[in-house]
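Written below as structure tokens is the structure these notes are about.
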Amino acid sequence: MNDESHSNIMNPDDTAELRQLYADFEAEHLMPLWTQIDDIMPVVPKPKALPHIWKWSRLFPLAERSGALVPVGRGGERRAIGLANPGLGGKAYITPTLWAAIQYLGPRETAPEHRHAQNAFRFVVEGEGVWTVVNGDPVRMSRGDLLLTPGWHFHGHHNDTDHPMAWIDGLDIPFSYQNDVGFFEFGADRVTDYATPRFSRGERLWGHPGLRPLSELKDTVSSPLAAYRWEHTDRALTEQLLLEDEGQPATIEPGHAAIRYVNPTTGGDVMPTIRCEFHRLRAGTVTPSRREVGSSVFQIFEGAGSIMLNQVETRLETGDLFVVPSWTTWSLKSETQFDLFRFSDAPVIERLGFARSQIEGAAR
Amino acid sequence: MNDESHSNIMNPDDTAELRQLYADFEAEHLMPLWTQIDDIMPVVPKPKALPHIWKWSRLFPLAERSGALVPVGRGGERRAIGLANPGLGGKAYITPTLWAAIQYLGPRETAPEHRHAQNAFRFVVEGEGVWTVVNGDPVRMSRGDLLLTPGWHFHGHHNDTDHPMAWIDGLDIPFSYQNDVGFFEFGADRVTDYATPRFSRGERLWGHPGLRPLSELKDTVSSPLAAYRWEHTDRALTEQLLLEDEGQPATIEPGHAAIRYVNPTTGGDVMPTIRCEFHRLRAGTVTPSRREVGSSVFQIFEGAGSIMLNQVETRLETGDLFVVPSWTTWSLKSETQFDLFRFSDAPVIERLGFARSQIEGAAR
Amino acid sequence: MNDESHSNIMNPDDTAELRQLYADFEAEHLMPLWTQIDDIMPVVPKPKALPHIWKWSRLFPLAERSGALVPVGRGGERRAIGLANPGLGGKAYITPTLWAAIQYLGPRETAPEHRHAQNAFRFVVEGEGVWTVVNGDPVRMSRGDLLLTPGWHFHGHHNDTDHPMAWIDGLDIPFSYQNDVGFFEFGADRVTDYATPRFSRGERLWGHPGLRPLSELKDTVSSPLAAYRWEHTDRALTEQLLLEDEGQPATIEPGHAAIRYVNPTTGGDVMPTIRCEFHRLRAGTVTPSRREVGSSVFQIFEGAGSIMLNQVETRLETGDLFVVPSWTTWSLKSETQFDLFRFSDAPVIERLGFARSQIEGAAR
Amino acid sequence: MNDESHSNIMNPDDTAELRQLYADFEAEHLMPLWTQIDDIMPVVPKPKALPHIWKWSRLFPLAERSGALVPVGRGGERRAIGLANPGLGGKAYITPTLWAAIQYLGPRETAPEHRHAQNAFRFVVEGEGVWTVVNGDPVRMSRGDLLLTPGWHFHGHHNDTDHPMAWIDGLDIPFSYQNDVGFFEFGADRVTDYATPRFSRGERLWGHPGLRPLSELKDTVSSPLAAYRWEHTDRALTEQLLLEDEGQPATIEPGHAAIRYVNPTTGGDVMPTIRCEFHRLRAGTVTPSRREVGSSVFQIFEGAGSIMLNQVETRLETGDLFVVPSWTTWSLKSETQFDLFRFSDAPVIERLGFARSQIEGAAR
């Protein structure tokens, strides 16, 4: 407990009778609250997950080596290498709710189709040439794009080029596993459509600002827009900073532009368990220290800067990933214009009523 | 009543006693239901509003003449000429809920700022050169654009050119008047900002598909996107027809593409009382006959075709407007590609639980 | 306009040319905005409906006389006498949206079944012995009860006793008529079930606080609870005043207890167009003056007091009804404990974004 | 994987190079998906939690013994003994999301006040005499009652009698711990109000069916009704079975009545993470086999019968508890009238889009 003036009066004397009681508890599959309340009901969140940084310069060569040694195909399904939070005991969980991996697809390779209850997205920090086929709709993957494969949508990937490509996958695998909600089904061993259109059918239907097809009036749990293109994200952020220059409200704090990717049928998060955002800092910006309930992962998209996590500052470059566990204080600092992709479990936290945040020592 | 086998057994004999009763009712501000139920509770809606067509070729010259004779300015506020449904007894109501007008602004003129509880939009069938200033944000008006001035937003217009411009205004004036919900306030006698930017601040913040500013997470009653540009509308409709060509679901019925303009914070209608849509028919398309509860107004944007309203067919050209009263059967027929803007009171009907529709004799 | 310093500069000289223009407008079914804006876009709501009071002591004898002279049955459907607002030009509308009537059913009479899109309720100020059969479910009507017959539910009434009974009906007939949303259908000429159970099936399923049948998990547009019993209403109000005595938050203002009747599937209004409430004032209470957008009707259920409507005070007794048009200032004053039933069009106003209110000169 | 015809082609040869790659992965806190996908992305949920039954006849004496040996008070906070699912490795978790405990309070004892982000309820299978004080409001605890202490509400308990009392506590401790959302704060060392009213203030305000205080129009995340009384639950279930006898729709399946406890401000679940229900089977009823995503706990309230969990049948008596892990097939069989309280994590599952269920082999 946080208050040392409260001694625990529920520490009974260690008698034979008490030991027998505890043994009898165990035999009946029982455990007392009073011996473990400090652990399981902490004063503030005490995540086992640790703040940690993965360097793209080390991830990418390892992905390349796995490309040479490990074929992609049915069974393992994806040449994806998960980021394992050092505090989470040997599971490939970046946070208790989220999975993040680098996925690598060699020239002309195909990752076969499957579907699962888990929600997934991909974000492309560099490269191009792969198409993701989502429920039969081929979706181009290019630098800066966010691509969705929401729960129970069939999807596969194929590389249409003679060079490899890598990107990051984000999923709610830990959450699904922990709460026993996962289903999985194989699809085609190849992707169902090898076409390589510039724009997916989903974008052609839904990618027009403020315009909804009359054939699609039913709201959907996840976004029907399979691709959020860099061109739009970049323009939105650019405009926010220009508006700030003009003295207009647009940024969330001085020098800090940001957008949330949303489901156009509702204006809410793209998927029920994962929030996706993109942040841009002007050169020379320091964001206020803040902490939030729930966990986040960031990837540097471009520019140079650093992250301060619980007082420890680390310099970051393109492709680097870092994780912010629940209630961990963080602040960003930019040297150049600094672009970051972010995803988190905020929809889980908010829909279940657990959201709290603190900025720079303000009352929570 | 619809069933002639039911005689009205509540027709008492016309006695002196009954006459005295009815006179006493009147003296006490009372009226029996049984003598008027057929009128006030009809078997199906029996609108007083009539189907009617206004020709742009006659509207526009009248607007021009008013430009010469009537100054625009404070008091009258707008050089707007309302379309008066022939069935609605001399009020400038195009339906019981909706107002439609042609507004005309001469070279270099300004229509002063004001705000009102009534929701309003403008749709531009031809021309350019005017800016609407909405809560201080200058919004360019160009051909094919939909511009919003939701309830209680200050707005004025100014013509930045040496030629006149005309467009249509749509409002919920009849609904507001009938239900006593209207408020009105004068603003600046000039517009507050004579800048003529290509894109308004609202578009720069909100006009990116599926991207929401993190500074704007609170949902709004009306759309924050003041302008829906023709370029986007046209592309969305074009894609729907191309997708149909490819055998993909996209149109609402064969040859009939359509979009609804929506509030990006919710995916719902742009304003709480007015729905706005745009429809495009391929050449040679005939839509099924349908009828709906609630009233609509259409304006031909481009192309040639005709409207069948209660069995009466009328040929239509660019700029022509027609009104479809509640539960009136309508069908469109196209000769060329046929583009139509539509607005209606559907949000009122749906939010209050009165929606019904029938297509081609299907059971309602 | 509210600001007399603004002359209307849009009053062009009355020339022959202008007259010709106006005549040409008329020929084309057009009307200028500038000549009528003061009327149709007022600074604040200027309802045609007037504040008015109907005395139960005069209503009831007239209902009795109609019982003697006018049979009840098919065609006229109901022996209901509508309260016609003196400002609404000879229609039986108590406000632009609401209908209120006294309905009278003689000993052993039946009012035949029908259904209509209009939403309806009954409130019983005195008497008992009638059952309303709603979609086949017989619902007892007793003093102080609120009974619902939401849109498109079949319903009829029958008097199981040897004495007559009267009550008030509230409907959205004016709103439905004005907006052309009404449908009507005859049902059985008799009621479908002459059983006289103490509690309806709807109450037996739904009338348990905070308990929802697992067989009824789909939310409904209108409340599934056909009857709200006086016993519960009285107890809820009594408790609020006792809590106030104990210094606990419970009343809406000192001495003023109130409940809203709600749909248990949503916690919202009982029907999409009509709000129903019950108010109780301690003896000697004066409520602050207030005005609201939207119109209300009150009926005195018990006690003595008075209503101040736009500065005019009128004393009220059991059964008296009064109407508060939109934006009309009102205040209640109680001599004894003072109980009032209220219904209004507030759900229309709120769902469509027009709600505003003012209390005692506070800024709106 | 479920399909044995798919061999895992992603099993590369066990070479030195591969071993080095895997070692390098580990050094960089990385783990491949392909070696663990079968575990973390199962075809259907494969809960670690096991179906299990705890006998009240063994729980209660252990609670009594702890009453003699362990004082209740600050630090340990509650004399609560958690049910530890045998599959969950030594934590007092009954499912991955839910905590269930028997709590025991001796004569005249007080459990001190505290609050926590975790949502909690108590259900009383026998006894009376304790009051829970929730945010200062004393709430009587009696047989058959459900009592809520939603997240961040202060609460303590005190026994006003000379005999002990025991009940079950249900919380979302595992979910909160796993996802790092927990906060905890001490309150008064005694309860703030030792009054013992028959009804809490929350019940007096909110416990009237379909009536909402006008002073409480803002919807709340959790139910404002701190107590759901047995008298109401029993009556609701009795009526469902009587309606079934009359041939009316009321039960969820023949012989199976059930209610969900709901938040009267929304009609939805009482708390954002925990669903509470009560089920009653007529004597001689067998429910169809079903399985659902998400986990449940049942306690027998009265009567005799048995539970079939994954083909294993166990006889149950009053007070016995059993757990149904995710996607575990279950069916109830009653000998007498059989009453069961149920709680589950269904709101988590549904709000996050993971709900699925199967009844008797029907397609999921």
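A, B, C and D label the chains in the order they appear, each numbered from 1.
Heads up, the rule we're going with is that contacts are C-beta pairs under 8 Å (C-beta built on N, C-alpha and C of every residue); 3 or more make two chains touch, one makes a residue touch a chain.
Values in this document were obtained by computation on a predicted structure and should not be read as measured data.
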Smallest number of contact steps required from chain A to reach chain C: 2
Separation of chain B from chain D, taking each centre as the mean of its C-alpha atoms, in whole Å: 52
Chain centre separation (chain A, chain B; CA means) in Å: 43
Chain B and chain C, separation of their C-alpha mean positions in angstrom: 30
Junction residues of chain B - those touching two or more other chains: none
Touching pairs among all chains present in the structure: A-B, A-D, B-C, C-D
Touch list for chain C against partner chain D, complex: 201, 204-215, 217, 219, 223, 225, 228, 232-233, 235-236, 239-240, 242-243, 248-252, 258-267, 270, 277
Of chain C, residues touching chain B in the complex: 1-3, 6-12, 15, 17-18, 21, 24-25, 28-37, 40-47, 49, 52, 54, 58-59, 62, 65-66, 69-86, 90-92, 96-97, 101, 116-119, 151, 173, 175-186, 221-222, 272-273, 293-295, 325-327, 345, 347-349, 351-354, 356
